[in-house]
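First up is the structure itself, then whatever we jot down about it.
In order of appearance the chains are A, B, C and D, and numbering begins at 1 in each one.
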Amino acid sequence: MDDYPQRLRDGSLKLYALEKELPPEDAVSVRRKFIEEETGVSLSHIGDYSIPIDAVVKKNCENMIGAVQVPVGVAGPVIVKGEYADGSFYLPLATTEGALVASVNRGCSLISAAGGSEVRILKDGMTRAPVFATDSIIHAKQVCDWVLGNPDEIKKETESTTRFGKLTNVEVTTAGTSVYIRLSFFTGDAMGMNMVTIASAKAADLICKNTGARLIALSGNWCTDKKPAAINVVSGRGKTLSAGVFLSDDQIEKVLKTTASSLLEVNTRKNLVGSARAGSLGFNAHAANIVAAMFIACGQDPAHVVEGSLCITTVDPAPDGVYVSVTLPALPVGTVGGGTGVATQGECLQLLGVLGSGEPPGSNAKKFAEIVASGVLAGELSLLGALAAQHLARAHSTLGR
Amino acid sequence: MDDYPQRLRDGSLKLYALEKELPPEDAVSVRRKFIEEETGVSLSHIGDYSIPIDAVVKKNCENMIGAVQVPVGVAGPVIVKGEYADGSFYLPLATTEGALVASVNRGCSLISAAGGSEVRILKDGMTRAPVFATDSIIHAKQVCDWVLGNPDEIKKETESTTRFGKLTNVEVTTAGTSVYIRLSFFTGDAMGMNMVTIASAKAADLICKNTGARLIALSGNWCTDKKPAAINVVSGRGKTLSAGVFLSDDQIEKVLKTTASSLLEVNTRKNLVGSARAGSLGFNAHAANIVAAMFIACGQDPAHVVEGSLCITTVDPAPDGVYVSVTLPALPVGTVGGGTGVATQGECLQLLGVLGSGEPPGSNAKKFAEIVASGVLAGELSLLGALAAQHLARAHSTLGR
Amino acid sequence: MDDYPQRLRDGSLKLYALEKELPPEDAVSVRRKFIEEETGVSLSHIGDYSIPIDAVVKKNCENMIGAVQVPVGVAGPVIVKGEYADGSFYLPLATTEGALVASVNRGCSLISAAGGSEVRILKDGMTRAPVFATDSIIHAKQVCDWVLGNPDEIKKETESTTRFGKLTNVEVTTAGTSVYIRLSFFTGDAMGMNMVTIASAKAADLICKNTGARLIALSGNWCTDKKPAAINVVSGRGKTLSAGVFLSDDQIEKVLKTTASSLLEVNTRKNLVGSARAGSLGFNAHAANIVAAMFIACGQDPAHVVEGSLCITTVDPAPDGVYVSVTLPALPVGTVGGGTGVATQGECLQLLGVLGSGEPPGSNAKKFAEIVASGVLAGELSLLGALAAQHLARAHSTLGR
Amino acid sequence: MDDYPQRLRDGSLKLYALEKELPPEDAVSVRRKFIEEETGVSLSHIGDYSIPIDAVVKKNCENMIGAVQVPVGVAGPVIVKGEYADGSFYLPLATTEGALVASVNRGCSLISAAGGSEVRILKDGMTRAPVFATDSIIHAKQVCDWVLGNPDEIKKETESTTRFGKLTNVEVTTAGTSVYIRLSFFTGDAMGMNMVTIASAKAADLICKNTGARLIALSGNWCTDKKPAAINVVSGRGKTLSAGVFLSDDQIEKVLKTTASSLLEVNTRKNLVGSARAGSLGFNAHAANIVAAMFIACGQDPAHVVEGSLCITTVDPAPDGVYVSVTLPALPVGTVGGGTGVATQGECLQLLGVLGSGEPPGSNAKKFAEIVASGVLAGELSLLGALAAQHLARAHSTLGR
């Protein structure tokens, strides 16, 4: 084993090729030591991982040197009254932002005291939108016409690549000679990006063959993946869902130390009007915090926090209280594949009772989405309340946030 | 110790109060076991952490039960030619998305072969924008006038709360009777959200006292924090910076297996035109992926991936090649505070030579920002190249992404 | 007649009620004189109108005192190769912006020299989106489900109010307890806002009756009418169409005094990248100018210039030249109703051969849309060329723009 | 004169060159007759204009053939309590949209009954943003640094071109190698686009000379002119101003036939939440209608309706009523130059007491802006009220809108 460092240094062995010669743990160890020597930095904590990595080095992370440990706190229990999640849940939050777990926890108490978080999924579909080049705007229209005129053929072609995936919607648009075809799929319990990319490649080939269009990129940014985009607000992506709860004046006063009209004013002047004047696509207080913490805990793709940040938070005045809701237009989640198979992340999913494939397919992912939305509701309630009571600064200085 | 579960169950002891009675490790252990019992789920991997947690339970994570392990791979080395980062770096990427490290790695090779990534920071300032209520649009104007007329007083007040923070800019706007005051601060090597929130609270009190305005929320969403917002594109937030590299036709062909004109076409039809038609604020391929992976590895706030996703990627035609760049208008980063003090995350920062306070203050955070931008450039180069060569789908099916 | 001023002054006769007692011309005259006396300002030119006003005072303008005269210039002829407009057209432009007609005229020459403007309509549908309040997010979902489950009933109900209108699409979304139902209609040769508002009122009543939802507003801003909105870019409104033309290097040099690569660079750095960095929904040079001038000339609703400004302009490199296009995602136009019946505006429509109902219904409006898009293309070509040749400032100082 | 048609037909005389040989009226007449012959369409009403056109054919409209007559109605009087407009005004509205004048009129009554519209201008500056190309992101930063380091030199250079214009602000940004310099000017009573374009050309030359940057376009779309853009919301363009009024419960009930809470609910669910879910930059009901009608009446640039549509409308609950406001972040207006010199448009400006240069310079334009904002407030009040009372559809079918 002694000659690996030398071979890595002289370039005869590539860093990423270690797994071809060594068992995973050894490959990771040799690589980490090589990096330690090259940089003179000790990486002992990174090397001190406990998760099995046979699958990880193949499916999740090339050139692995170890792992970072992200502290996990629990908030809750929170009562969730969804169509898939129905019960009481402890929410795992992986975070290093002081005060976040405490804040969500307070929101969970409030929700539970109020009888639970109502949650409903309004739409479900993972998207991919290849972009094609055409010769002219006339040719562009011909491509659109062909696509809209041959839904069955496209459906058949895409579904030949996947056991679970079902093509559920096709949208087209153009910008001059560029044609964008947005394909939406039901992807079961998988987040589905990989599945829909492969399926879209088949659709793209079919379209090119029949129309003479040239495929420019399998993703033409009209999907839109991991960029903040109004199309996801308008048309949805992944799960589109809402969570809401009625709070009585009494509950608002007791737990949040504020009033209904104050909550309403904060939400209007900050989340609605303030966001409007910032040219924002997100109309919430800090939905991204909760989405990020639950996504990292549960092995989701953390770049999808971008989509999660599109949340809108509303406060409706009501007799004797307020109805507060969050609506997440685009929450891509999965309980199989991706990071869900890493041991610690899998445990977090198990904590919520959603690891792996659901019965029927898709039900675990939906249940998980409902729980995340409830967590976002808890986070919004708590922060809005804190702002209303004007003690955000105090909370920060005490908890070191 | 035997009575803790019982006290937790009957509610006489709160879950978050365990640290008041027990040393951190024991508190975390009791709490985790309680959750295990309540849910019937084993959390043994989550419990198998190695990081010291004395500070963590105070500063980073309430109600801690353990940690998730996120696999870390390295990409590079990549040559960075910044004003703060000048040298060759291995980039730590914490991710579970197969193919990501490999993709960034390929970009790093290309950048290094081309002589390195040019990087420059164009602007630096962390922002907070309290929102105030006034009685009328006349009163709103009076508040604006007072703020714009008393910069020194506001500066003095805010800087009384911080050793490093310096107020560098004040912007005002209104929407009817709501007044938004956006304060920008130099925050040294800290990301600075906590610092600027505390400082803004003092400014807000001063403003209220002198104008009769009512403070509604310390953050009025005109900051804008963790929501995708055009104001951050227009005015910047955190670090505003660009990275660029000239690629010769030969390098494009050899490493990316494509051509200059093909790269240009992909960038135009996907990143520019496709994003435009999606109503997007991000004009890039997957900047959020790299920002997320480096942020999680290095203890940054992962909800700030939202700001990172505002990146614009450009490809300029040039004689015998192309000049490719990424511009990140809003990258909030820090090398002290937040998650930087967690052991594994600290090691990743050390790997880049940026852990802790820099000399002069702010230089470590700037160096880190320059390295992140170079990583984003690597990621964009590689994915644009892959799309140009139409093998995204193949990469996905092989690497299980 | 002598007592009218006195009755108007003492309030016993309302200014708007004059038409009830007098023939239109007299009513307008009395009203104008009253205003002249009240303000001491002579309105003799405003009073010097030639258009018949019997219908105008009933359908177009209450409290009429006369008319403003907006100068009309012609650009062209421009060759249009659309599916509805096929031939050579002089474009009427009502404007007071010096250089505009000259600029469009130059673009028309260029287009005609290049063989004409290719135009295609990709989508056609006028929209209205009522907003409803519900009791909870659960109720909100029930409303969506009812709407999506009863398309035939909704279609029947809406079409009972209109001879030409056909409901072609229904989209739903929610934000918490607010439900938005976006109804798209084919509206023949009418722009259709009135028609779809009335039809939507019927749909709204039906929905309320069946679901218990409360109608809040017949327009819930998810339509979106007369506000710049990404939904219109993504989903279209009114006519969605493109116009394009191939320009040879020779033509670019001769007419525009510039080069293909220079045109391409201006378009990328200004229309694409510049707009992106401004958080813009319009990616063009000055589409709004041409839309405004043609809309005012032709009796369209000038507030729909907002929708017209969503245009994206593209320049594709091609061997021996460039292909330039404009895509207008949302162009609401009509050739019957609204201002089309005013005599001068009717003449402008006649000039284009599109006044009144087409055969089949809708064909005149479509023909008109194709001509407007060609005008926009001419305007973009000319201004891009002027910018490329860096003589915008000179043009301005010479022509007094 | 007989040979003109022949010379026009055979191309030996260009249509735009008629003014070189003939007095304006004759040139326009010959041109119109030529068009009539070419198309077989009578343009007699277009030819029946009364406005003097000596200046018009030089400054406002090339290739003139006559004029369209746009009906003008008056709304009001409305009491305006601004810093420049202080009194009672009849608002001239040029429109063909039935019900619009009636609707604004009702709003005016309500405002006047409530004591008048409070108006304040918060910011004033016309902008132009040239775009430059640089060699690298390093060069781009150097250009920014030079610009920010030499404000006096740039100010002096720009102000050498104008008697009234004053450079008041300079903002810079980059996207890769593209550099955008946004110059804001005080432009007196002129709307100022022409003035600032000429001044910006000088600044651009200076910058190029000193930095080696290449000017790509005098407008780089970061201005942003006539495209809907968040930068104008965030930073303002032209006049940034608000108008507001307190309405008592009694007034709401009597004039609007609705209630405070109903107005509030319509505004929240439609103007705020509905616009948010549409990815809109405008959060109002129909501000563009009033801006368009007043702009056309008063000789403003109607393409600037786009900027006007960025309006945000707010309704604040208050004891015994509501405070309603509109905020227009970007209203470009002028009372000299452009279309203000056309006779009918000049009369409309006179009706408001704002034609020509004010004393001090700028005061007429500001007074006019305040009146327009009051008109927008009237329009919003009336339509919100109508929606609240659910009779929009009825108003439409009665008034033929």
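By our rule, a residue touches a chain if its C-beta (ideal position, glycine included) is under 8 Å from a C-beta of that chain, and two chains touch if they have at least 3 such contacts.
Source: prediction; values computed, not measured.
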When contacts are scored as defined above, which chain pair ends up with more C-beta pairs, B-D or A-B? A-B
Please identify which chain has its centre, taken as the mean of its CA atoms, farthest from the centre of subunit B. C
Report, in whole Å, the distance between the mean C-alpha point of subunit A and the mean C-alpha point of subunit D. 42
Just give me the whole-number Å value for how far the CA centre of subunit B lies from that of subunit D. 39
Whole-Å gap separating subunit A and subunit B, where each centre is the average of the chain's CA atoms: 16
Give me the residue numbers in subunit B that touch at least two other chains, ranges are fine. 133, 173, 175-176, 178, 230-231, 233-234, 273, 275-279, 281, 283, 312, 314, 329
Considering only the defined contacts, which subunit B positions touch subunit C in the complex? 230, 233-234, 261, 268, 272-273, 275-279, 281, 283, 312, 314, 317, 329
Can you check the complex and tell me which residues of subunit C touch subunit A? 118-120, 122, 133, 135-138, 140-141, 144, 173-178, 230-231, 233-236, 242-244, 246, 279, 312-314, 316, 323, 325-327, 329
